[in-house]
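In the two complexes below, chain A is the common chain; its partner is chain B in one and chain C in the other.
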Partner chain A sequence: MNMQTTTRLTAAETALVEAFASQIGELPGNGAVIGTRDRLLDDLKKAGLPTRRIEAWHYTDLKTLLRMVPEAVPASVIDPVAALVEGSSVLSVLQGAADARATVEGVQIEAFKEKLADGSAAAGLTALDKDDVIGRINGSFVRDGFALAIPANAEIEEPIELQALHAAGQVHTRFPASFGAASKATIVERHQSVADGAALVSSISDIALEDGADVTWIILQRQGAADTHLGQIRVNLGKDAKLRLFVVNAGGKLVRQELRIAVEGEGAELTLRGVNLLGGDSHTDVTLVLGHNVPHTNSTEIIRNVVFDKASGVFQGMIRVAPDAQKTDAKMSCNTLLLSDEGGFSAKPELEIFADDVVCGHGATVADIEKSHLFYLMARGVPEKKARAMLVNAFVAEIVEELEDEKLVEALEGVISAWLEKHA
Partner chain B sequence: MLEIKNLHARIAEDGTEIIRGLNLTVKAGEIAAIMGPNGSGKSTLSYILSGREDYEVTEGDILYNGESILELDPAERASKGIFLAFQYPLEIPGVATMQFLKVAMNEQRKARGEAELTTPDFIRRVKEAAEKLKIDQAMLRRPLNVGFSGGEKKRAEILQMALLEPKLCILDETDSGLDIDALKIVADGVNALKSPDRAVIVITHYQRLLEYIVPDSVHVLYKGQIIRSGDKSLALQLEENGYADIIGEAA
Partner chain C sequence: MPAVQETIDQVRGIDIDQYKYGFETVIEVDKAPKGLSEEIIRFISAKKQEPEWMLEWRLEAYRRWLTMEEPTWARVDYPKIDFNDLYYYAAPKNVTGPKSLDEVDPELLRTYEKLGIPLKEQEILAGVKTSKVAVDAVFDSVSVVTTFKKELQKAGVIFMSISEAIREYPELVQKYLGSVVPQSDNFYATLNSAVFTDGSFVFVPKGVRCPMELSTYFRINEKNTGQFERTLIIAEEGAYVSYLEGCTAPQRDENQLHAAVVELVALDDAEIKYSTVQNWFPGDKEGKGGIYNFVTKRGDCRGARSKISWTQVETGSAITWKYPSCILRGDESRGEFYSIAVSNGHQQIDSGTKMIHLGKNTSSRIISKGISAGKSNNTYRGQVSVHRRAENARNFTNCDSLLIGDKCGAHTVPYIDVKNASAQVEHEATTSKISEDQKFYVMQRGIPEEEAIALIVNGFVKDVIQELPMEFAVEAQKLIGISLEGSVG
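Our next item is the complex of A and B:
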C-alpha cells in the first residue's frame, strides 16, 4: 500500500508555495541557482513544515505554530540605525536588500545577490539534512546579504556589523563569512524589526574559520512581537581556531535559532554563550548541533534564559564526539530563571560520545529568583521591584561580561536592561 | 528607640516556634549585646527585626521609634534606618559591588525624600569609608562579595553600614571567622559609628568582641526569651562560668 505523501497543505505552506510561484523570474540567480531553488522548494512542499513528530522539532511544532506567512511585500524605505557598538563598520541589509556600496577596509565584501547571479552561491544553497526546513526556505527564497572574506593574518580592529533591518513582509538573507588563517575579527549579526506588522525572516550565516583564526560572532535578534525568525548558522572550525559565539534573543513571536557547528581542526576552541529574554506569548527555540570531529578540541556552552508572561522557550543541545576525537573537553549548561507560572522552558541536552577518553558534561537548572539574594538587597533598602530587576540582570550580565570587550559588553547590557525594563 | 514586647515568632514553613515571649528595650545611643548558646534564637531575632519573610510573628510587637514595624518590608525598614550586618553575607554574582552600593544609598535617600548622590560625591564617600576599613579598591571592583574571604565579607558589611548611616545597627555574629587584626578593624568601624542618636545590637557567642565594642547592656537569650539582663560584667561572668548557671536559675 502506498502512503499518500502529499497531504493537504496548511495555510502557511500554501502561502510559501504561492510566494515562490509569484516570484519566479524575479528571484536572483543563474541557471544552477534556479535549479537548486526549485529542488529545495519541491522538497519543502513534499515534506511540509515539520511537526512535533520530527525529533528535531519536537518542542517547536512549526506546522502548528506558523499559522500564516506574510506576503512578500516590495521593499519599503528603511533607514539604517546607529551601530550597536560605536565605531563599527556597518553593512546594512534593508528589507532584504544589501547596500551594494558598502566597504570595510581590509575585508573583501560582495553583495550576496552577485553570488546568486554568477552562480557561485549555488553549491551553498543546501538543506543540511532531511529535516532542515530553514535551509530549504532560505535556499528557495534568499535574495541578498553579504559575503565577507577576511584575508589571512588580517586583524580587523573595529567590529563589523551586519545590520539586517526590516518592516513587515518576507526577508530572506544569507551571510557567508570566511576568516583566513590567523585572522582576527568581531562580527555583530543584528536582526531587527523597525516597524509593526508581521514579518517572516530567514537568515543563514556560513562561517568558516581557517587555522588559528580568532573570531567573536554576536547574533542579536530583536524582531517585532508579530515576527517569525528562522535563523541558522553553519560553522566550521579549523586547526587552533577560536570562536566566541554569543547569541542574544530579545524579540520575535516565533523564533528558531539553529547553531550547527563542526569542530574540524585539532586545538580548536568554541565558546558558546546564549541569552534568551522571553516575554509575551512568544516561543523561542535555540537548537545546537555540535560535532567534535577531531582529537584535542574543547568547547563550553552556557545558555541563560529569563522567562516572563506566557513565553515558552526551548534549548536543545546535542554534542557529538566522533570515534577518534579523543581528549575532547565539552561542558554545556542551560540555566533558566522562570518568573511566571504561565511561562515554560524545555531543555534537552544530549551527548553522543563515541570516543572513550573525553571529558563531557551537561547540566540544566530551572529556578525562581533566589529568595535569600532578594532579602539581602532589600535589607539594604532596595525596593522589591528594583531588587528583582537587579537580580535578573545579574543572572545574564554574568555571562555577557565574559566578552571582555568593554564597549561590546556595555552595548549588550544596554540592550538587556532596556528589554527588562519593558517586560519586568 | 527599639521596644520588643512579648514577641512570639515561628518559622513560616513548618510552624516551629523560635521566639517565645521576648521582651527587650534598646535606647538611642546604647550598645546592647545579646548572647546565648547555639539555637537560642539569636540569628532569628536579627532576621525578624530586619523583616525576612521566612518568619511569622504570631504575637507581640516590635516598636521602632514608637511605631510598629511588623507590616514593613525589609526595604522599608532599611530606609527607616534599620541595618543588619549578616552573619554570612551572601555572594551575588553579576551584581557589581559599586553599582549595588550606589543603588542602595540612593534608594534609601529617595525613600526619605532626600536628593540622590552625585557620582563624584558617591565615589568620594566610598573611598573614604573603604580606606578606614582597609578595604582594597580591587575588592570593590568585584561582584558583590564574590570570592571575598570571610574577613573581607565582614568588612564589606561594615563598609555598607558606614555608608548607609543607619540608626539601628544589628551585628549578627560579626566576630565569627575573624582573626584578631580583622576583629579590631571591624570593631573600630563600629565604634566610629557610635553616636547619641544611634543604637547598636551586638549578637555574639563570645565575650571577645565585647572587649573591643564595649556594651552598655548585656542580655542572655535562651529558648526564645531574654532570661537575664545586666551590664558588661554579665558578659565576663558568662565567659567564666558558661551559660549553665544562668539557664539553671531561669529554669
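Our next item is the complex of A and C:
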C-alpha cells in the first residue's frame, strides 16, 4: 500500500464506511468473504467515490452527485408483483433478501446468501479495475440474490424473471448466472421501487455463456424518483455464444449502468440495445466497455435516449479490439432526442483498435424531433402534442421490436408508453 | 508554376530513415544558460528589449507554471522531460536588422536553400500575382528575414515577428495576447507564456482582404533548444487572411521539445484560414530521437458571422499532442477542422479538435482522417460542446481511421456534450484497413504495392487535401506517400 495521506471523506463516503462498521457482524459470509469485504471497503475508503477527474466517471461525478446514503433499514413487508411477461418463472428478491423457496424447473438455483456463507462466492467479489466503485460497494455490502445455472443443452421456454423490489433503505444484490453449452434461455432482470423514500441500490450480474449458448437478458430499471441505482453487468461470451442484451432505464434519480463485456470465444455475437427514458431532474449514465478479444466476433450496439425536463443523460461506449482479434465487426450507434432546453446529453463513443483487419464504426447524434416529420403528422390533423408523442414512441419502440418474442415486446412497449404518457 | 515545382523537388526523396533535412548548420549562436528560472526569463525579456508589462506577464506565467503538473491523460508515452536540462533561448548571431538578403549570414541562406524555402525566388515571383507567398522565416527563435513587408504594409496588414510587434505595436499585442489561450490554460501553454522566444504576429485591419497567403517556416536547429513559438493572428471586422505554417527539423538523437501557442481572433464577418503541414523528424526506425510536439492552438470566433478554419497535415514528430480548437462565440459563426494524421514507425499522435458552441446559429464541421502504420498509435480526441444558450447549433463530425499492418493502433475518443434541444449534432467514425480488392485492382494495372497503397491513401484523405492552399496540397500529397514508405512487408 502506498503512503497516501488520508483525504477528507464526504458525507456519503462517511455514511458508507459507518454503515459497513455497523453491519459487518450481520453480513453473510465465511472468513474468506469477510476478508474480501474488508479489503474492498478499505479500497473504497482510500480511493473515495470517483470524481470527474477519473476518466471513466467523467460525466458522472459520483462524489458530488451522491450527497447522502440512506440508512439500511430492516426489510419491511413487500409483496411480489405480477411478472412482466405472463407465464414467467419469478424469482423474487424483496428488500435485498431472496425468496429461498423459489424453484424453476430445469434450472439449478441457489440463494446467493448460501454462496456467501460457504465462501464459494468469495472469488467473484472483485473490483474489475482501480476505478470500479460499483464492484467495491457491492462486494462490501452484498447480502443476497440468486445464483442460476442453466445446464448444457437445456432450453428454458418461458422467461425467468429476477424480480428485485424494494422500499427505502439500502439494497445490495448479486446475480451470478451461468449458461451451459448450447443452452437457451430468456432472463428478465427487474429492479423496481414499490414505495416512496430514497434507496441506494447496487446490483451486479455475472453472466457467463458457454460455447453455443443463446441467451436474451433484459434489464428493466424502474427505480423511484429519489433512488440511486448502481448496476453492473459482467459478461463473458464463449465460442459461438449469442447474447441479446436489452437495457431499459425508466426511473431513478441517479443511475449508473455499467456493461462490462468480454467477447472471449470465436464466432460469438453480441446484440446490445438500450432505451433510456430520462425525465425530472435525474441523471442517468450508461457505460459500456466491450472487449473483442479473439478473432471472428461480431457486435452491434444501438442506444436510444429521450431526454425531458431537467434530466441529464450520458452514454460512454468503448469498443476495444485486442491485437490479433482480426475480422472483428463492431458497430455502435447512440441516438438522442433532446426535447428540453434544460436537459442535456453527453456521449463518448470510443474506439480502441489494435488489429488491422477489422470493420468498426460508431455514430452518435443529438437532435430534437425532425420538424418535417412533425409537419407530416400535423398536416393530417394530428394535434402537435400527440404527434410528438407518436414520434418519440416510434423512436424507441423500433428498438424493442427487435426482441421478436411478441409477449416481451408488448410488455416493454407497455412500460415505455406508460412512462411517456406520464412525462411527455 | 515554379513555386509548386520547388515544393515537389523539395519533398522528393524524403525518407523516414534518411531524413533529408537532418543536417546541422554550424553557425554562431547566442544562447542563455541551460535551465529555467526567473533569471532566464528576465534574460530572454531583456534580450528582446521587451517592455516591463511583457516581463511581468512572463513571470506571472512562470510562477503559475511552477504549481502545475504535466498532463498525463493523452495516449502518448515518453520518458520524463527534465525541463531544467533545456536551453530556453538561442538566437543566431549577426541578425540585427539585415537590410537585404545579402546582409544575411550566407551559412543561413544555404540552410534555407537546402530546406527549399525559395527566399530569392520570392522576389522573382513577386510579379506572379497568383502564387505570391510571403515568408517570415523562423530560424530557431528569431525571425531573420521578412519579405513582402512593404507590400503588405500598403494593404495595411501587419505581418512581423511577435518580438518586433511587442516593440512596435505594444497596445495591439497587449490587447490580444493571452485573450484566447490564457496564461494558465494548460501546462505547456503556461510554459510557453513564460519563455516564448518568437513567432509571428498578423493583424489584418477592418475590411481588408490580405493580398497574399502568409507563410512561416519553422525550423528547430540548435541542439536541445526547446522551441517555444507564439503566434497571434487578428482579423478585424470583415477581414480575411490565410496563413500557412510548414515545418522541418534536423536529425537529432535526443528528443526535442516544441511547445507552441497559436491564438486566432476573428471579429465580425472576419475569416481566418490556418493551414499546417508538420513534417518534423519523427525518430529513426527504432523510434529513437524525434520531436515532442505539444501545441496549443485555439481560435476565437469573437464576432458575428466570423469563421475560422484549421487544416492540418501531420506526418512528422515522435509525439504529437495537438487540438486546434474553435470557440464559436459570435452568432452565426463557423468553425472548421480538417485533419490528416499519418503515423508510422514508432510515432504517437493524440490529436483532434474542440468546437465550443456558445453563440446562436453557430455551425462546425470536423473531418479527420487518421492513418496508422508500423508500430504507431494514432488517436483522434475531440470535443463538440453545445452550451445552454447556443440555439440552433449544428455540428457534423466524421473521423475515419485506416490501419496498415497489425502492430499499430487507431483510436477514436469523441466527447459530445449537448445542452440545447435545438442543436443538431452528428458524429460518425469508422475504422478499417485498405481492402484487398482495392489494392488488387490497382496493382493488377502494374502499380507496385507501396505506390498502390499511397494512391489509395491519397484517395482516403482527398476531402482534407482539397481544403489546403494549392502550394501545400502538392507537398502534402507527396509527404503522405513518403511517410508511409516502409509500411508494407
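The rule is simple: the second predicted complex is superposed on the first by the 419 of 424 C-alpha atoms of A that agree within 3 Å, B and C clash if a C-alpha of one lies under 4 Å from a C-alpha of the other, contacts with A are read in each partner's own complex, and residues count from 1 in each chain.
One rule holds for everything that comes next: contacts are C-beta pairs under 8 Å (C-beta built on N, C-alpha and C of every residue); 3 or more make two chains touch, one makes a residue touch a chain.
Given the structure is predicted, the values throughout are model-derived calculations rather than measurements.
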item: Simultaneous placement of chain C and chain B on chain A, clash or fit; value: fit
item: Partner chain in contact with A:410 - chain B first, chain C second, else both or neither; value: neither
item: Residue contacts on chain A - larger count, chain B or chain C; value: C
item: Touching partner for A:348 - first (chain B), second (chain C), both, neither; value: second
item: Contacts of A:340 with chain B and chain C, given as first, second, both or neither; value: second
item: First, second, both or neither for A:421, with chain B first and chain C second; value: neither
item: Which of chain B and chain C A:358 touches, first, second, both or neither; value: second
item: Partner chain(s) touched by A:375 [first = chain B, second = chain C, both, neither]; value: first
item: Three-chain overlay, closest Cα atoms of chain B and chain C, distance in Å; value: 12
item: Residues of chain A touching chain C in the complex; value: 55, 58, 323-324, 326, 336, 338-341, 343-368
item: Interface residues, chain A side, partner chain B - complex; value: 371-373, 375-384, 386-387, 390-391, 393-398, 401
item: Residues of chain B that touch chain A when the two form their complex; value: 50-54, 73-75, 77-79, 83-84, 86, 89-90, 92-95, 100, 103-104, 107-108, 111, 143, 160, 164
item: Residues of chain C touching chain A in the complex; value: 73, 386, 388, 401, 403-433
